[in-house]
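Please find the structures below.
The following pair of complexes shares a single chain, subunit A, combined with subunit B in the former and subunit C in the latter.
Moving on, here comes the complex of A and B:
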């Protein structure tokens, strides 16, 4: 009697462990355990902060998920964010600061005292975003062609692309930020649609600091991307073929799957996602910055996707998983910050968590195999 | 003369299916035993038991008068048994000397003693009259030289019995002669040799004693002097076949489905012309390396051809595989794990792969899940794939026979006109083989055609309406069903190069 109870309990645990939502449950459990020790964790201000960190990272990680699904990897995403951030900013800046930029190669060509090249045009912001997304798509297509047509390893190709693109991003403005961006662009990065205020009605003036964002433009953009990506990966012929190429490239080729086209397209998707995320990051920063996406940013992206359960060996990926992975990763970074740890300790802990996530993934795969055979 | 090795009632079965049964045989010291038999006759299993790779189910072996039961290849090596596998076990990125000593490098004060290693390697190479620097990387050697290095490994372990498994398949005639010289030298030194080969002429030339296996049994053995090639072939194929194959339920029509006219690709296939008609099962037989798979890949558009024409229904055909799939070709490859299946994916996902695009709707190509699932369920029951829930069960959990049915099924999803089946019964148990034969008949009866490639002559004869024999990239003969005769077909396939 006792034994059967234990096995049924065991079974329930393995069910949770193997479910699509495991990482979400893990995130909730993490919050519940830590909340008593970190009183600021559940304050509206902090939660709003967690969410605003989630959206741009989610967009980048979704792009990465597509590349991981074909057993590739895209190390150039961070560099693409830096480049598109600068490109967009130099096209739409309202004014240019000669003290900062006059030595830059772009000064006088695309940007001067009167702002960027497109400044003043009625649709400057959407136009600039479209232009930069095309540039991103071009970088992605180069990655894809090198990998699919020339047979270069994705790791090497995108590593080199990262080097070239980030150097270009820094060279264009000579490593300076480009400020003075139009309000409509800034709104895309941090504009509120619905905000909340917890306080008495009678206050005659509410200070900005006690108004918390709830629904924001970045949230809208990010969720739209996530939903479309979910449909694309799980519901369309293209998505099935992406997973098939990741599962067995040779079998896919023989079965008539357009393998070359699929691989090029996933790298394009990855780069376009990075370009889109750069709008969210730059808008929030109110500046174009060439080093956005540098440093350990890539660790966050790949770490989040892998924690979610996407396999580095290809053929196994879900947007849902990546969403939960990003959420967990942002929560992790946030709580480590709240603990007042130094940046060094934060990175060490993050690394450890990614490692344990990889281990968990091995365990899950093993359990799943035992269950189905 | 004393027996150095004895097999006593040795048997091995895999999951109840016997691979080797009741083999009694003794090998005398200093002689060369030629071991022959068709693919799957049990030669490799027998040798793997001797080499410690596989443990016998019953019976035993005696080595130099002592009971011998190796628990692994290392045991066999220690006893003095060397095994030269068909696929060589060399590290191409290491030097000859490093390959020879890879399981025990000579050391001095904890560091690699290169001087000793190279000196000893040079000694071994000179025994093989191989004039090479032991520092040369194995990757730079020709196939024949690599094989000699592998023999050198056996010599280094002081093997007194050396097993050669199909040693000549990848060698040029000159390298073959060199190998035979080496074998002669080894015999002069007193080594005992077991030589496995499909090339019966070589066996006649080298062996003192011949043993023939069929269906896991030793069916014939005796002095080589008493054997002729025709006795070897007769013993290898032996039994009557009726009852092993389902009756054919259709006869070929007149209309040609696929036509090849003088198709050539230098170094691969040479001037191949053939026609496959409606409702026909065309058998394609040939030995390893005869160019069967290569021809299949050219027909399917995976590899190019330099000259000649390929037509389907009298029309020219697309250049690439994708276009040819659209005009009704299907290709079940010989290695289903590498080229056929997504092993970790579900049965449904595997079945869906080929037909996926025809189930996409709208500009985005959203998959019509329900009609896809319905079609997959239909195909599953048509092919009688034995599985649980096809939507969740991964393909790798299926038996070999059912995995093969999934590969056939993924093509069946879009009802192709011509099925190319390359070794469809490889790694499939006896019962499932019968089901696959039945499927072959059904594919033809439903109005399509089948190109059935196999290296098991019996099954080709059991199922085909007509057999085409290939040898060294060329079609060397064609026989219609009423004239099927094993000796005749084998003679074509075994045909030696004109001297």
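Moving on, here comes the complex of A and C:
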């Protein structure tokens, strides 16, 4: 009897461990454990912060998920964010500052005192975004061609691309930021659609610090990207081909999967997602920045995707896993901030969590294999 | 017995007084800094945190590791924790504008320490008069260079420029040119970009010195680059003391410990000094005053006039420089 109960308990735990929602359960458990010690954690202001930090990272991580799904890696995403951030800003800036930019190669060519090249046009912002997304797609296509056609390792290809693209991003404005962006562009990074206030109706004047963002433009953009990516990866032939290439490239080729095209396309998707995320990051920071996406940014992106359950070995990826992974990762960063730990400790903890997630991935893969055999 | 009663009453009153004064004045301050890569920032961080903690204020510290987006997220986390005030050393002038806006939108007073926003009309901005300080320091070395050189000789002057997204770097560059332009026809200026990064400065300075081996004077926009300059100059025989053959006239800006040591040894001729302790005190006092007065969006500029420490006034003004004070263990 006892043995049966233990077996049933073990099976239940294994089911949860192998469930699509494991990371979500883990996030909830994490919040439940920490909430009594961090009273700020569940306040509307903090939850609003967690969400606003989630959206741009989610868009980048979705792109990375596609590349990880074919057993690749895209290290150039951060550099693409920097390049597209500065490209978009130089096209739509309302004014240009000669004191800062006059020595830059773009000065007088794309931007001057009267602003960016597209400034003043009715559709300047969408046009600039389309242009930058095309540039991002071009970078992604180069990555994809190098990996799929020339057979170069994705790690080396995207590492080199990162160097080239980030150098170009810094060269164009001579490492200066470009500010004075149109309000409609800034709104894409931080604009509210619905804000909420929790309190009595009798208040004649509501303090601004108790009004919280609920539905925002970045939320709308990332949820649209997430939904589209979910359909593409998990509900279409293309998605099945992506996972098949990741699981076994040789078998996919023999089965007639257009492997070369698939690999090129996933790198394009990854770069376009990075370009789109740059709009969200640049909007919230109200400036085009060539160094956006530098530093330890990629650790956050790959970490979030891997924590979610996307396999580094390819063939196993879901967008909802990435969403849960990003949510857990942002929650982790947020709680570490609330604990007032030093930056060194924060990075060490993050690194430890990503390592644990990679180990869990190995364990889950092994368990799944045992179940199916 | 009576005296014991009085003593106890006095003790209770004193304790109550201390507690009540503590609770009335103790504030929760968020101190968000971009990194601690130079002596100036380390000393500023220490001055601010230790002084606030010594006055029983709670300090929430966050280091953004030079990531503007991370710093914005950290400040928003501070706001969520209902801090009473924020002191920020921003990554650059543009991100400072966004952070000040975020803080003021939440009705929390904010002070920007030393690295001003590109729009200085919002927030408490404590900033050195970089242009004047740099001009004073460069005036000293240009005068010496011109006095030593034959009247018809054109001199090579190197400026190591900081990150021009930082208004401090712009001010320092302007100060350099304000001084050089007084004798415009006597100087060839070579600009070396550093982006406030030692490795970038090293690579660019090596290239500049290789292309222009004759360097008559050098101005570095920050003292923290003197060790980098030494590593480029020393192998080329250009790292010499005053009075020695081949000495390159050098000036800096900040007033850190290394600069103090190098001025005393004679390797460096002048440095512009930011009054670090004045700036730290100004930022803290302004924030605490705003909290006390329940002023949620105070806007004011608090300039630090600074001065130049040179070989000429070293004997009298040494202890006015914060780096010399730290060097002397004061």
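Definition applied: the second predicted complex is superposed on the first by the 369 of 373 C-alpha atoms of A that agree within 3 Å, B and C clash if a C-alpha of one lies under 4 Å from a C-alpha of the other, contacts with A are read in each partner's own complex, and residues count from 1 in each chain.
Methods note: a contact is a pair of C-beta atoms (placed from the backbone, for glycine too) under 8 Å apart; a residue touches a chain by one contact, two chains touch by 3 or more.
Model, not experiment: these values are computed from the prediction.
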item: Subunit B versus subunit C as contact partner of A:334, first or second or both or neither; value: second
item: Contacts of A:238 with subunit B and subunit C, given as first, second, both or neither; value: first
item: Which superposed partner A:316 touches (first subunit B, second subunit C, both, neither); value: first
item: Which superposed partner A:247 touches (first subunit B, second subunit C, both, neither); value: first
item: Which of subunit B and subunit C A:184 touches, first, second, both or neither; value: neither
item: When both partners are placed on the shared chain, which of subunit B and subunit C touches more of subunit A; value: C
item: Touching partner for A:45 - first (subunit B), second (subunit C), both, neither; value: second
item: Which superposed partner A:256 touches (first subunit B, second subunit C, both, neither); value: first
item: Subunit A partner contacts - residues on subunit B that touch it in the complex; value: 300, 302, 321-322, 325-326, 331, 333, 338-345, 349, 352-354, 356-357, 359-360, 364-367, 369, 392-394, 396-397, 410
item: Contacting residues of subunit A [partner subunit B, same complex]; value: 231-232, 235-238, 240-241, 243-244, 247-248, 250-258, 315-316, 369, 372-373
item: Footprint of subunit C on subunit A - complex, ascending; value: 40, 43, 45-46, 48-49, 52-53, 99-100, 174-177, 179, 207-209, 281, 284-287, 289, 292, 294-297, 333-334, 337-338, 340, 342-343, 347
item: Residues on subunit C engaged by subunit A in the complex (per definition of touch); value: 60-69, 72-74, 76-77, 79-82, 92, 94-95, 97-98, 105-108, 118, 163-165, 170, 193, 195
